[in-house]
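Okay, so here's the structure we're looking at.
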Amino acid sequence: MDFKDAYKWVNLEFILEGFLVTLEVAAAAIALSFLIGCIAGTVRYMKIPVLSQLAAFLVELVRNLPLLLIIFFTMFALPEVGIKFGIVQSAIIALTVFEAAMISEIVRSGLNSIPKGQVEASRSSGLTSFQTLWHIVLPQGLRRMVPPLVSQFISLLKDTSLAVIIALPELMHNANIVIAHNFQTAVPILMFAAFLYFVVNYALSLASRRLENRMA
Amino acid sequence: MLDFTILTDNFGTYLRGFGNTAYASVLALAGSFLLGTLLAVFRITPVKPLQWIGTAYVEFVRNIPLLLVVYLFFLGLPSIGVVLSPFACGTLGLAVYTAAFIAEAVRAGILSVPKGQMEAARSSGLSYGMTMRLVILPQAVKIVIPPLNNQFINLIKNSSILSVISGFDLMFYADRIASDTYVVFSTYIFAGLFYLLLTLPLSYATGWLERRLARHD
Amino acid sequence: MRQRKWFVLGLAMLVLTVLTLAGCGKKEGNGAGGASPSSSASASSSAASAGGTSALDAIKSRGKLIVGVKYDTRLFGLKDPASGKVEGFDIDVAKGLAKELLGDESKLELKEVTSKTRIPMLDNGDIDLIVATMTISEERKKQVDFSDVYFKAGQSLLVKKGSPIKSIADIKKGTKVIGVKGSTSVKNIAEKAPDATVLEFDNYQDAFTALKAGQGNVLTTDNAILYGMASQDSNYEVVGGTFTDEPYGIAAKKGNADLVAFVNDYLKKLQDSGEYDKLYEKWIGETPMKE
């Protein structure tokens, strides 16, 4: 193990560059998957005909497939039928599709956890179903969704590492390049990569716990 | 659009990958279940050092990517002179990674058993270990099964990581078929169907169990 | 009624999302809007293939040549983490192409490709040309248009010094051979040594790392790439000579005849001026063999 060679500034800088790509891709995918997940989850909660069934089918399909397969599929298979994306887009789209399915389930069960009696009460007092959702169900449901949502975002950040297979220049990709230059740096470099992931993800999970305590 | 000759011509190859994926998943499940339960017990014992070990393990492993865990086995072990096959590295990595999540599920299950039961059992003369084994764990199991099932589904999906280190799983063979035939779309659709063959039944079983347990409460 | 309103709102947000995504991806600036990813993508691909303007004109009007190269292959295309530069034989050829076409070698944009990603990226229009240690094969000719041969390589073996494996004949049942997914070498070895276990990785870096980690007994690919690895780590050596011919070509998207013609003209000029021999010597360390 060659700690001295591994922790040269050029190497660390190169890996940090990769980490920036990781964070950017993760941020884009988090925003998009949250949006789509909320829509799909609400559609299923409100049992909007046809759309609800369609969402259920897609969510079940995606939830039961490996992310690696979805990334491959987006990058290599879709071009065969005329749908073409670049590397960064493929990574963001695949992550979004995969995580949106998970998030829609979190949103749905969060909304469902609000007792039906409340919904009936507010409906009979003259609120529309949209108003009921917006003013009664969502504020309470959101509180319960925060912890699973944050842990899903942490998963997403970790899952960006799978985009190494399509040569996205993210953290693990750059770590591999450094390791290839000198195999003795493998363990120190992997430790540094683990440290970066850990710091960000652990901070996220602490923030989520604090938020949860404040809301409770 | 779908080229069925891909499936018929390469059925044996798909099947080999499917078998290895199933095998790796079962091995990793057994390993992660044992390790995860042990860690959960660590986290709730009154012994402080064990608590620290359990907490440190869970917090660390949960916050780093599976790929990194697998690389630690694949690239890290050889630098201390231990070389395991890619399949073994992948399976070990999966077990170590999933154990952190299983530990959390089991811990939540154990904590859901009222504290009074522990006290009652202890005061009637059972040791801590016996109380755990005979009183707490059997009740916790019921609560733990649905989240455990979810973890197993995740584990099967995550086993595709083996393909990155040449672990001869379903995804690895799908890559090989795609680069042999240059037919990518159909190849991965069929690979996806093979994954669904493993995950969908489990997914439905989880839903069914959740509904059943909810009814009995 | 109310539900309908909700539905419209949801749909509007979805369209917004798709537009954002399409916006992210709009680098080439093809006119099609962003109604849905599939329709805009298919529209752009048909514009590229069926439209009146040639690929060469499109590059000229863009003022930049985009070439897919390896970032992980010493002597051909290697990214140095220290300098951030990509260097190698392929890179110099790409620079020459940019200079010939646009008058300035700085009008070149490099993009990383692997053996697996290069054809999809070419099809996508992400890159104009592939200059990435790509062997001309009959199967690949169905997918891309190749230039004339610009480098003659042959498949060989890389082993740790002192290994009992001296040639392809020593690869027997139980020997673990490391290769790269989607490369011709992996297919060749399956034919020449069918009993060997072939481990496949996503790129040459990972393959060489796996060899160093002791995951395999031998790494196989083109000799030129293996020489680069051996020069990187003196514990490894190339053995057994070459047992296949791997002529490298520069690939363009199918149907771009003018681009291929331009590349061939440039390659011929490179040969005639003696510039090619200098380039070869600079990277490979010897003059190319003449037939």
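Letters A, B and C mark the chains as written, and numbering starts fresh at 1 in each.
The definition used in the following text is that contacts are C-beta pairs under 8 Å (C-beta built on N, C-alpha and C of every residue); 3 or more make two chains touch, one makes a residue touch a chain.
If you want to know which protein each chain is, UniProt gives these names: A, B = Amino acid ABC transporter permease; C = Transporter substrate-binding domain-containing protein.
Small disclaimer: the values here were computed from a predicted structure and weren't measured.
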| item | value |
| --- | --- |
| Contact distance in steps, from chain A to chain C | 1 |
| Chain nearest the overall Cα centroid | A |
| Most widely separated chain from chain A, with each centre as the mean of CA atoms | C |
| Which of B-C and A-B has more C-beta contact pairs | A-B |
| Whole-Å separation of chain centres (CA-atom averages), chain A against chain C | 31 |
| Centroid spacing, where centroids are CA-atom means, of chain A and chain B in whole angstrom | 20 |
| CA centroid of chain B to CA centroid of chain C, Å | 36 |
| Contacts with 2+ other chains: residues of chain C | 116, 202, 209, 212-213 |
| Where chain B touches two or more other chains at once, by residue number | 75, 78-79, 164, 175 |
| Chain A, residues touching no fewer than two other chains | 76, 79, 164-165, 179, 183, 186 |
| Parts of chain C lying in touch with chain A, wherever the complex brings them together | 2-3, 5-7, 10, 13-14, 17, 20-21, 24-25, 27, 37-38, 41-42, 44-45, 71-72, 79, 81-82, 84, 112-114, 116-117, 120-121, 123-126, 202-203, 205-206, 208-209, 212-213, 232-233 |
| Of all residues in chain C, those that touch chain B in their complex | 116, 139, 142-143, 178, 181-182, 186-187, 199-202, 209-210, 212-215 |
| Chain A residues within the chain B interface of the complex | 1, 60-61, 63-69, 72-73, 76-81, 154, 158-162, 164-165, 172, 179, 183-184, 186-187, 190, 193-194, 197-198, 201-202, 205 |
| Contacting residues of chain A [partner chain C, same complex] | 10-11, 14, 28, 32, 35-36, 39, 42-43, 46, 48, 51, 75-76, 79, 82-89, 92-93, 128-130, 164-167, 169, 174, 176-181, 183, 186 |
| Residue ranges of chain B touching chain C (in the complex, touch as defined) | 74-75, 78-79, 83, 85-86, 164-166, 172, 175-176, 179-180, 182 |
